[in-house]
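Each structure below is given as C-alpha cells.
Shared between the two complexes below is chain A, which pairs with chain B and chain C, respectively.
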Partner chain A sequence: MSTSIEPDATSAMAAVNPRGIGRGGDTHPGAGRARGPRESLLSRSGAMLVMAIFTLYFLVPIWWLLVASTKSRGQLFSTNPLWFADFQLFQNIGALFAYRDGVYLKWILNSLLYAGLGAVVATVLAGMCGYALAKYRFPGRETIFNIVLGGVLVPATALALPLFLLFSRAQLTDTFWAVFLPSVVSPFGVYLSRVFAEASVPEELLEASRLDGASELRTFFTVSIRLMFPALITVFLFQFVTIWNNFFLPLIMLRSEELFPVTFGLYAWNSTINQFPELRTFVLVGSLLSIVPLIVTFLLLQRYWRTGLGSGAIK
Partner chain B sequence: MTAPITTASGTRSAARGGGSGTEVRRRRRVQHPWSIVAFVAPFAALFVLFYLVPIGVAIWQSLLVVEREGTFGEAREVFGGLQQYVLVFQNEAFWTSVGRVLLFGIVQVPVMLGLALLFALLLDSPLIRGKKFFRLAFFAPYAVPGVIAAIMWGFLYSPNLSPFEALTSRVDLLSADFVLWAIANVVTWVFVGYNMLIIYSTLLAIPQEIYEAARIDGAGQARIAWSIKIPLVRPALVLTAVLSIIGTLQLLAEPQTFRSFSSAVTSTYTPNMTIYATSSIPNVSLAAAFSVVLALATFVLSFAFLRFTRRAGADS
Partner chain C sequence: MRHTKRAVTAALLTSAALALTGCAAGDSGSGGGDAASCEPAGEDVTLTFTSWIPGIEDAVAIWNEANADIQVEVQTGPSGNAGTYQNFFNQLEAGNAPDLGQIEYDALPNFRVQDGLEDLAACEDVVAAQDQFLDWTWGQVTLGTEDEVYGVPQDQGPMALFYRSDLFEQAGIEVPTTWEEYREAAVTIREQGGYITNFSQTDINQFAGFVWQAGGQWFANDGDAWTVELTSDESMTVADYWQDLIENDLVATYPAWTDEWNNAYNSGEVWSWNSAVWGANSIASGAPDTAGDWSVALAPQWESGDSAAGNWGGSSIAVFKGTDHLYEAAKFALWLNTSEEALTSLNQTAAIYPATEAGLELPTLTEGVEFYGGQPIYDVFAEAAAQVSPDFVWGPTMTQTYADVSDGFKAAASGSSTLGEALEKGQASTIDALEAQSIPVAE
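And now, the complex of A and B:
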C-alpha cells in the first residue's frame, strides 16, 4: 500500500495510489484507532450533534421530494410538506408515464443510452489507450500522454460551444450523435488506466501470454482487462455521472424533444411551469425517478468508488 | 505525501530490471507496432475530433466577423482579426457575470471545502459512531444532477411550497439580494460530500503510527487534526480547491434552472449563460470569443492558485 506513483507531468495533481482502488474501503489501516486517551463526553456529543444537524441538511430535501411526489396537486399546497397525505405515488407515476405518449420514458431511455452506452465505450477506449501507454515503449508516448493530461483539465462545459460550432458545420446538431459522440472521450480515463496498468499488470504475465502464442489484443482482452477491472469500474462510474449530469451540451445541441436526456427534459418542463402549473407534479415525480438510476449505480458499485474517489481525485 | 514516492519512470526502470545492455539495443525497434496503433488509435482519433478540432474551430470562429452588403444584403463571414475580442472587453454584461461568479467562488468555495474538511476529520476521529451511515448520507446529494438539485431547492425556497415557511415568508430567498447565495447553497449541498470523500480517503491512507507520538504526548483530537492531519491532506485540499474554482467559473445548470423560479436571474447571469445567450442570438463569433476568453481565464486562475499555494507551502 505504500507506493504512490506520481506521473512525470503531473506534479500538480495529487499522488495516486493505484493499488488502493479496489480495496474494500471499510477496513481502516489502524484498527486500534478508537483506543488512545478517552475523549471527553462533551466533545463526543458535540461532534455527534454537528453530524446529526448536517444529516438533516443533506437528507431533508430528498425526503421532501419523496413526500411531495406522493401527493395530489391540491394537497401539495395544503398539507404538511414533510409528511405524507393521501399516498398517490403510483397514480402520479402512471400519469407521468402516460403524459404526451410517454415522452418521459423516452427521456429515461435516452439518458440510459447516452450515459450507459457512452460510458461503456469511453471506458473501453480509455482502458486500451492507457494500457498501451503503460505497457509499450514507442516514440511519442510521453507527448500523447501529456496532451491527454491537458485534456483532463478542460471542463466539459468549456467544450460545449466549440462542439456546437463543429457539429453545426457538419449539420449534425439536433441528432443523437451530437450528444453521444463527444461523451465517449475520457482523458481522465486514459490517465487512470495508465497509472493503474503500470502498477497492476506484471510484465511476466504478458511474456507468458506471448509465449503461448496469444496476440497482443487478445492478451489485453483476456488477461490484462481483468487485472485493470477496479480502475475501469471507476472510470465507468465517473463517465456515467458526467454524461448523466451534462447540461450544456444538450442545451446547445438539441431542439427535438424526443432526443432529450431526462435531466434536460425536466429542465424544459420546469421552465414552462408558470404557464402550465399541471406540470409541477410531473416535474417532482420525474425528478425523484431520475435520481434512482444514479443511486442504484452508486450503491451497486459502492466498494469501487469509495476508494476509487481518492485515487480518481484528479477529476 | 507520507508514503515513499516513486516516479513513473522509476517504476518503469525497476520493472525492466536487469539486462540493460540488451534493452538499449532493443529499444530502437518498436515492438508490436500494429498492436500499439490498434490500442491507441480509436481514443486518439476521437480525442482529436472532439477535443482538439472543436477548440481550433472555436478559435477560428472567434476571428470571423459578419459582413453585409447594404442593410438587407446577404450576410457573409469574413476574417476580422481580433475585432470580436475588442467587443468582448467592451461587453459590460460579460464582465459583470465574471465578477459575479468570482464573488460566488470567494465565498462558496471556502465554505464548502471548510465543511468538507470538518466532516472528513470528524469521520476520521474516534469521536463519532455510525461512520458508514454518515458517509453515505453526506454523499447522497452527489447523485442528484445539478438541474434536479436546482429544481428541488427552487421549490424549497418558494414561499407557498416550502416546508421552511417561517423563513421563506419573511425573507425572499429568490430576490435579487439573495438568489446568488441561494444558488451557492445548492452547489454546496451537492458537492460537500464529494469533496469530503476525497479528503477522507487521503486521511485513510495516512499510517496510524504517525499519531502515536502525539498521543503519548497527550495531544487531543483537535490538536492532532490541526497539527498533523490538516498539513498532510494539504495536497487533496489544493486539488479540490482548483477543481472548485474551475467549476465556479463554469457555473451554468443551477442558475439556468433558477430562471423559472426567480426573475432576478438574467440570461447573462454567469459567463456560460452569457455564452449560451449570445450563441442563440445567433452571434456565434462573439460567443466563440467569450468561450476562448473564459477558458483562458480559467487556466490562468487555477494555475495562479496552484503557484500561490505551492509558494505558501514552501514558506511554512
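And now, the complex of A and C:
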C-alpha cells in the first residue's frame, strides 16, 4: 500500500514529465503521516479489528470455494466445509476441461474477448469523447454531457430487453456482436475522462502541439492520452469488471453455447444442478477458475488505478 | 423437467415486468387463430430447438445423421424458470422464437394463454401417437381440452417414497402404506431423535404432487374461464396433514436443496423423502455416505387399499407460434420422445424418465440400482406412473402462484402462520394475477 500518490495533476510538472504519468511524484505517504497527529493505540487497534473482521467476511467465501473445489463429489457434503479432504483439485480441473469437449475453456476465452477487447474499445471511445467534451467548445456541449451523464443513472439491466428487441430487428441476436457492441459504451467512462482531461491536460500544451503542426488526432493520441493515462486505466478496469460480470445481457441475447461468457455458462449449469448433480463440482471449480483473470488484471493494473483514484481525491 | 425454484434475481423480475407490458401491448397485433397447416415443406429445412438438458445434443446428433433434409440445431440456456422461459417470451415478442422448445408441464398453460404455441393437433402423426403415451402425460399437453395438443410429452416425475430401509428395519417400523401409518412412524422416529422427512417450503410443485395424489385439483379451465381451487377440500386435507406434522415437530424444515438439507439426509437425521423418480439421483449425489441403505416403495395412501400416485415435474417439447415448419418440427418432437434410440440416449446422458408406455421398459430402467441396494427401483416408479390421475391441470401463472404459496409456507414452517392460510393467500393472489393479465376467472 505504499506507491506514490500523484501530485496535483494540473501542476506544470505533470506536463513536463515526458512519461506524463506522474509517477515521479515524491510525496510518500509515510512522510504525510509523520506530519499529522499520531492515532492512539486504542483507535488504531480498533480500526485494525474492524478491517480484520471485514477481511475475514470477504475471504471466507473464497476460502470455502477453494476448499470445495479440491473435493470429490462424495466428500463435498460429508466433510468439513472449511477444510481440505482428499486433494483432488487437479483431477477436478481436468474433468472440467474435458467436459463436453472443453466448453468451459471456450467460455473463458469468450469472457476474455468480450471483457478485454470490449474494455479497450470502450476506454478509447470514452477517452476521446470525454476529451472532446473537456477541450473543445461547441454548441450543445453541456447538453451532450448531461445526456451522457443521465446514461450513468440507467441500469444496464433495464436496457437489456429493449436492446434485445433492437438486435432482433437487425438479426444480430445470438451473435458475438449482441454482447460486444453494448459493452463498448461507458457513460461513466466519458464522465471520468472529461473531468480528468479538464484537470490534467493543460491548454498550453495543446497550443504548443498545434503550433508545431500536429493534427488534433495526433495531439490526442501522442500527448493527451498519456496525460489521461490514470483515468483511462480506471475506465478500463471498471469496464472490464462490468463486462465480465454482466450476465444479464448474455442471458437475454445468447442461445448458442459456444458464444457464452463464463458467468452465464456457469449460471446455466448451476440452474440445472438439482436435476444433474454431477454438474456441481464443475460449477465450483469453474467459479474458482473464473475469478483468476479478474485477480490477475487487478494485480497488474491496481497501482495505476490507485494513482487515478488518488488524484481524483486530491481534486 | 422439474422446476428448480432458485431465487429469481431482481433483474429477471424487472425484465419480466417489461416483457409483460410488452406482451400486453403486442397482443392486439399478433392475435388471431391463423393455425399453420401441417404440410411437409418439400425442401431441406433447419430447425432450431432450445433445451437446457445437458447432453441432449447426443440424441439430436442421431436424428441429424438419419435426416439430412431436416437438420436440428440445439440452442441452450439456463433451466426454464431461471431465464429460458423469459427468453422464449422475449423471442415470441421479437418474432424470432426457436421452432421447438423445452417447456415443463406446469409452464405450458402460461405459453398457451400468451398465444405462443402451435396446436399440434393439425398434425395427424401427433394425434395418432397419443396411444403411445401414458394417459396422464398426454393430459398434461392437451391442457384439459378435447382436441388440442400443445406439445409432445418428454418426461415425467411419478412420486414414490424413498426411505432408509436400514433405519426403518432397526427401529422395527413397517414401511407405511397410508399417510396415517406414516404419521405414526414419524412419532416413533422422532422418539429416536430423527425426523421421518423434511417438509420443503419452496418446492410447491412437490406439494401440488401431494394434492394430485389426493385426487385434488388446483385449476380448471372450461374453455372460457379459469377456476382456481388452491383451497379445494383435498388441497386443505393435505395442508392440514402436513401442518400437524410441522406443529408437532415431526418433520424437519430445512430449506430444500441446500447443504444443510443434503447433510440432514447424508447424516441419517432424516429418514425418508416423498419424491419423484428423478430424486433418485438427488439422494445419490447429496447423501453419498448412505449408499446401499435406501429403498423405494409406493407412496402412502389416503385410504388403505387405494392406489394413487402424484407427479412432480416433467416436461414437454412444444412448437412455437411463428414456425414455418410445423410438420418437420412435430416429426422431430415425436421422434425425440417416442423412438427407442432417442429415449435410450436421453436416459443415458441425462437420466430422462420417458413419458411413453414403451419407454418405461427400456433395459436401463429395469435393472437393479446399486445405490438402492440393488433394488430395481424404476419398476416401482413405472407402477406409480400408471396410478397418476390424468385430470390435474396447471394454471397459467404458476411462477407467481409458487412464489406466493412458498412465502406462506416459509411463514408456516417458522410457526407464524399455517399451510392452510398460505393456500388461501395463494388462492387470492393467483386470482388477482389472472385478472391483472385479463385472463377470465370463473365465479
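Before moving on, here are some points about what is shown:
Basically, the second predicted complex is superposed on the first by the 248 of 315 C-alpha atoms of A that agree within 3 Å, B and C clash if a C-alpha of one lies under 4 Å from a C-alpha of the other, contacts with A are read in each partner's own complex, and residues count from 1 in each chain.
Just so we're on the same page, a contact is a pair of C-beta atoms (placed from the backbone, for glycine too) under 8 Å apart; a residue touches a chain by one contact, two chains touch by 3 or more.
All of these numbers come straight from a predicted model, not from anything done at the bench.
By the touch criterion defined above, A:L113 lies against neither chain B nor chain C after alignment on the C-alpha atoms of chain A. Residue contacts after overlaying the shared chain place A:L161 against chain B and chain C alike. Contact with chain C, but none with chain B, is seen for A:R100 once the two complexes are overlaid on the shared chain. By the document's definition of touching, both partners, chain B and chain C, reach A:L251.
In the superposition on chain A, A:I295 makes contact with chain B only, not with chain C.
Of the two partner chains, chain B and chain C are each touched by A:I273. Of the two partner chains placed by the overlay, only chain C lies in contact with A:S78; chain B stays clear of it. Taken together, the two structures place residues 77, 81, 157-158, 161, 164-165, 169, 248, 251-252, 267, 270-274 of chain A in contact with chain B in one case and with chain C in the other. Across the interface of their complex, chain A is touched by residues 1, 3-9, 11-12, 15-16, 27, 30-33, 35-36, 38-40, 42-44, 46-47, 50-51, 53-55, 57-58, 61, 115, 118-119, 122, 125-129, 132, 134-135, 137-141, 143-149, 151-156, 160-163, 189, 192-194, 197-198, 200-202, 204-205, 207-209, 211, 215, 218, 220-222, 235-236, 239-240, 243, 246-247, 250, 252-253, 256-257, 259-260, 272, 275-276, 279, 284, 287-288, 291, 294-295, 298-299, 302, 306 of chain B. Interface residues of chain A, counted against chain C in their complex, comprise 73-74, 77-78, 81, 100, 157-158, 160-161, 164-165, 168-169, 171, 173-174, 248, 251-252, 254-257, 267-280. On the chain A side of its complex with chain B, the touching residues are 1-8, 12-15, 17, 20, 25-26, 28-30, 32-34, 36-37, 39, 43-44, 47-48, 50-51, 54-55, 57-62, 64-65, 68, 76-77, 80-82, 125-126, 128-129, 131-133, 136-139, 144, 147-148, 151, 153-155, 157-159, 161-166, 169, 181-182, 184-185, 187, 190, 195, 198-199, 203, 215-217, 220, 244-245, 247-248, 251-252, 263-264, 266-267, 270-274, 283-284, 287, 290-291, 294-295, 298, 306-307, 309-311, 313-315. Interface of chain C with chain A (complex): residues 1-2, 4, 6, 9, 11, 14-15, 18-19, 22, 48, 50, 52-54, 75-79, 82-83, 87, 90-91, 93-96, 98, 257, 259, 262-263, 266, 278, 281-282, 284-289, 350-351.
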